[in-house]
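Heads up, there are several structures right after this.
Next, two complexes with chain A in common: one pairs it with chain B, the other with chain C.
Up next is the complex of A and B:
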């Protein structure tokens, strides 16, 4: 059967469109209203939960991590917003905010030695050592450090973690005044993965598959930032050669300054 | 998770730095170079205060690290001596007592041609204090007189010779706590009067 073509059909169609729109906005309003009520309830519950477990949140690394996982599974990330509701009521934000500040302070205090790049192991040892007295029985976990670093993301690309092997603690944490550029990050990663604290330009050309000039540019930037030091010497055959060293990997930076 | 103890080595970081090969190459980055000289100063201070060593020569044992087979070049030593002189950590052992006036146009390095250095392994001002302590202990602080020989006998100045003492006392005069009495040759100290 052919469909009717004519004015009536158009008018009818318009009318049903209108009905649909009306109904859908009704549904929307209902849903939003319900959602709002749900969200309020969720907020209340989280608030209650957080205040009840405030002590555990501040002192128990495993509990903190599970709490964050739980939040994530319901689509809430208390670390995503640095101010406002979550920080204010959940306390967990405050914990990571404080830790983030400690991480920056710790790395910068040794920056004249390592340029702002150090092993996660060394950073962790120093953070543990300077834990406030009243939290002496509680520990900072690597996850805590990662959460804190993630929290600093919005501030810029100055802080981060570079994974170098399956040993998480052998990875590099950096904190530099401006930002760590991609090539420098890749270069540091490659050196870390080599398991050594030094390298030659030629090594990195092979490893990274870059042209010499690209490696050199990245190395020069690391030198300017005090992250790499230069050593000129002779190899076994007496030929002049240049090695670049990373004090952040070579030195045990878990020591205090003096 | 590993314990705190297992992560640390027995060596402190300044000792670790001594085994860091680039410490023996002049760094192109000015702030790393400054850091490098600060480390060398600390190393020399630790080394010299252990044995009350006041003189550093270009063949100083510390400048060769046998463990990692690295040593300092002549150019490096000249730069290091310049740094030490310019930052009042030492004076050329053959020059007089007063440090060279620093002028910005001067390109000449203060360590150039310097074969050995009198090195203050503790700051000069601390030596002045020790000398004045000596005067007080011996009741000389109100115009009393001591000879260089007498001062050098004291345990507080082990390792010091007359040349070093002369430089210190000449410098100390600016604090108006002492006055040096020179012998007829105008160089040797006959005695020193404390106030």
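Up next is the complex of A and C:
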């Protein structure tokens, strides 16, 4: 006979004694039933909240952000399941699931050029241009983008944001197949902070304080992933030198071809 | 004359000026008013009758006017002076709202049901005509207070902006207040759910569970509804909702051809985009996708399966994807060309970079290929160290 364990055994005491510690008797006998009743109440409250504020959630970025922060503080992830109450009654999830699709598609569409790494600013401009008509007056916030990227983690570890010491929109968003190694992110960060879209190995050795071989390894990985391009040429004195370019950081990214 | 109010001198929203006349004397009933200065400028607007003198600015809402009369020259005219006058009959003010000196400029005057406007320097005819028109049309009722395109001047615009900001601020603070109240309701529920969940997890960890009772299934659903991570679920398939199984079947149907066309393999990130595009408005979460993919091996006739590489990259792999075939193709290409980069390989075979890279790396792991990483990128060569007899160890 199969022993059935689970929640019922917790509250009804069906499991054999040795499984119970003193603590488990602290659970109210009707705990699960009570939870069920409470959830019905919560459903009603959510419906009421939705009728009043659903539009604000869709249009006010600060409100949205506050909502997510508060959920986190009470220990829930409203974006976890599209079947959860938060999405079902408030539509919070739908906003971010759709935004995530747009973010990924935008980044991947330019991947043959920049390897999946681009400036947050460029991403944001492109996303804003493709807003549906009825949402034209409201804007996507950077926080929205960060939430959406974080939400993608279970599905792909290669999505994220690299913060630079410059303004927030000068940070880099990326969507690559493999998780970015720390050296790569540090290198990208350093280049982002230099304000230029290219670098030389020597510069990075100075900036990062690494050994040449360590910089080289990171650079080679970036080349292999199509994030960095190589330019061999001569500098002003005629000496051979190599420049590495990051197309994702190009300052005059054209927005005509979307 | 307690129907009169103090005014700011600014127009109301939507209010426009009809006629202005200076040197108009105001009379309370038939008597002169008690103020030292009783002559001022009268302005008739679509909403009010305004009267200003010196620093005194007053106004009367036209809704309080019952009727107008022109004073006939006669016995009373002798007493009131020579100037032609308009008699304005007003509704008596309600007793429930006694006026104070702060709000009423003519508080000292004895109560009357009419007042007079004396036009000491002419202008009566035009004034009374316009006055009658406005009273007939009841223009103060027609224009809604928030009609933006009737604003007058910068002051009107500024007031607009302020009103909007106040309304928005009120709406937002109300929204935040409601949000707080919502969270306060949810918090104890979440605590309760977590407590039950933890206890159940401890028990489950000590036993091997074969089957879960209906209550547990229901409880897990509740956790899902609330968005709480279920500590027990992670490894056991039985607790996946039926929903995820259906979703798994849907994924197979929708993405089968797409994955095949993509070379037999597709990253989950891309699959996420594709499935949501296909679903239109009923988008799913990344967690939903993960849970569904984990159930692919339970879905009947599934043509796709979930695969995770050492690099922790997750892909959907088509059932027909033959790794060995891929490998052979790639190896023969390397033989043919002498060496190859993933990019070249992808272009030639028409298979996506990602897939090709996996094959090349696998070939390297099987010691069939060697890599050469340089400033020019990554290139693969046949492994001559092991596969050619001409290199002797020395």
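One rule holds for everything that comes next: the second predicted complex is superposed on the first by the 189 of 258 C-alpha atoms of A that agree within 3 Å, B and C clash if a C-alpha of one lies under 4 Å from a C-alpha of the other, contacts with A are read in each partner's own complex, and residues count from 1 in each chain.
Please note the rule applied: a residue touches a chain if its C-beta (ideal position, glycine included) is under 8 Å from a C-beta of that chain, and two chains touch if they have at least 3 such contacts.
Since we're looking at a predicted model, the values are computed, not measured.
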{"item": "Which superposed partner A:205 touches (first chain B, second chain C, both, neither)", "value": "neither"}
{"item": "Touch count on chain A, higher of chain B and chain C", "value": "C"}
{"item": "Contacts of A:232 with chain B and chain C, given as first, second, both or neither", "value": "both"}
{"item": "Chain B versus chain C as contact partner of A:245, first or second or both or neither", "value": "first"}
{"item": "Touched partner set for A:151, first chain B, second chain C, both or neither", "value": "second"}
{"item": "First, second, both or neither for A:186, with chain B first and chain C second", "value": "neither"}
{"item": "Partner chain in contact with A:98 - chain B first, chain C second, else both or neither", "value": "second"}
{"item": "Touched partner set for A:41, first chain B, second chain C, both or neither", "value": "second"}
{"item": "Chain B versus chain C as contact partner of A:223, first or second or both or neither", "value": "both"}
{"item": "Set of chain A residues, in rising order, touched by both chain B and chain C", "value": "223-224, 230, 232"}
{"item": "Touching residues (chain side chain A, partner chain B) in the complex", "value": "112-113, 121-122, 125, 128-129, 139, 141-142, 169, 198, 223-224, 226, 229-233, 243, 245, 247, 250-255, 257"}
{"item": "Complex contacts: residues of chain C adjacent to chain A", "value": "171-172, 175-176, 178-180, 182-183, 185-196, 199-200, 203-204, 206-207, 209-216, 218-219, 222, 224-229, 241, 243, 267-270, 272-273, 276-277, 281-290, 311-314, 342, 354, 373-378"}
{"item": "Contact footprint of chain A on chain B as seen in their complex", "value": "1-2, 4, 7-9, 11-13, 16-17, 20-25, 27-29, 31-32, 35, 70"}
{"item": "Chain C contact footprint on chain A (complex, rising order)", "value": "2-11, 15, 19, 23-24, 27, 31-32, 34-36, 38-39, 41-42, 45-46, 49, 52-53, 56, 60, 63, 66-67, 70-71, 73-88, 93-94, 97-98, 100-101, 104-105, 108, 151-159, 175, 177-179, 220, 223-224, 230, 232, 242"}
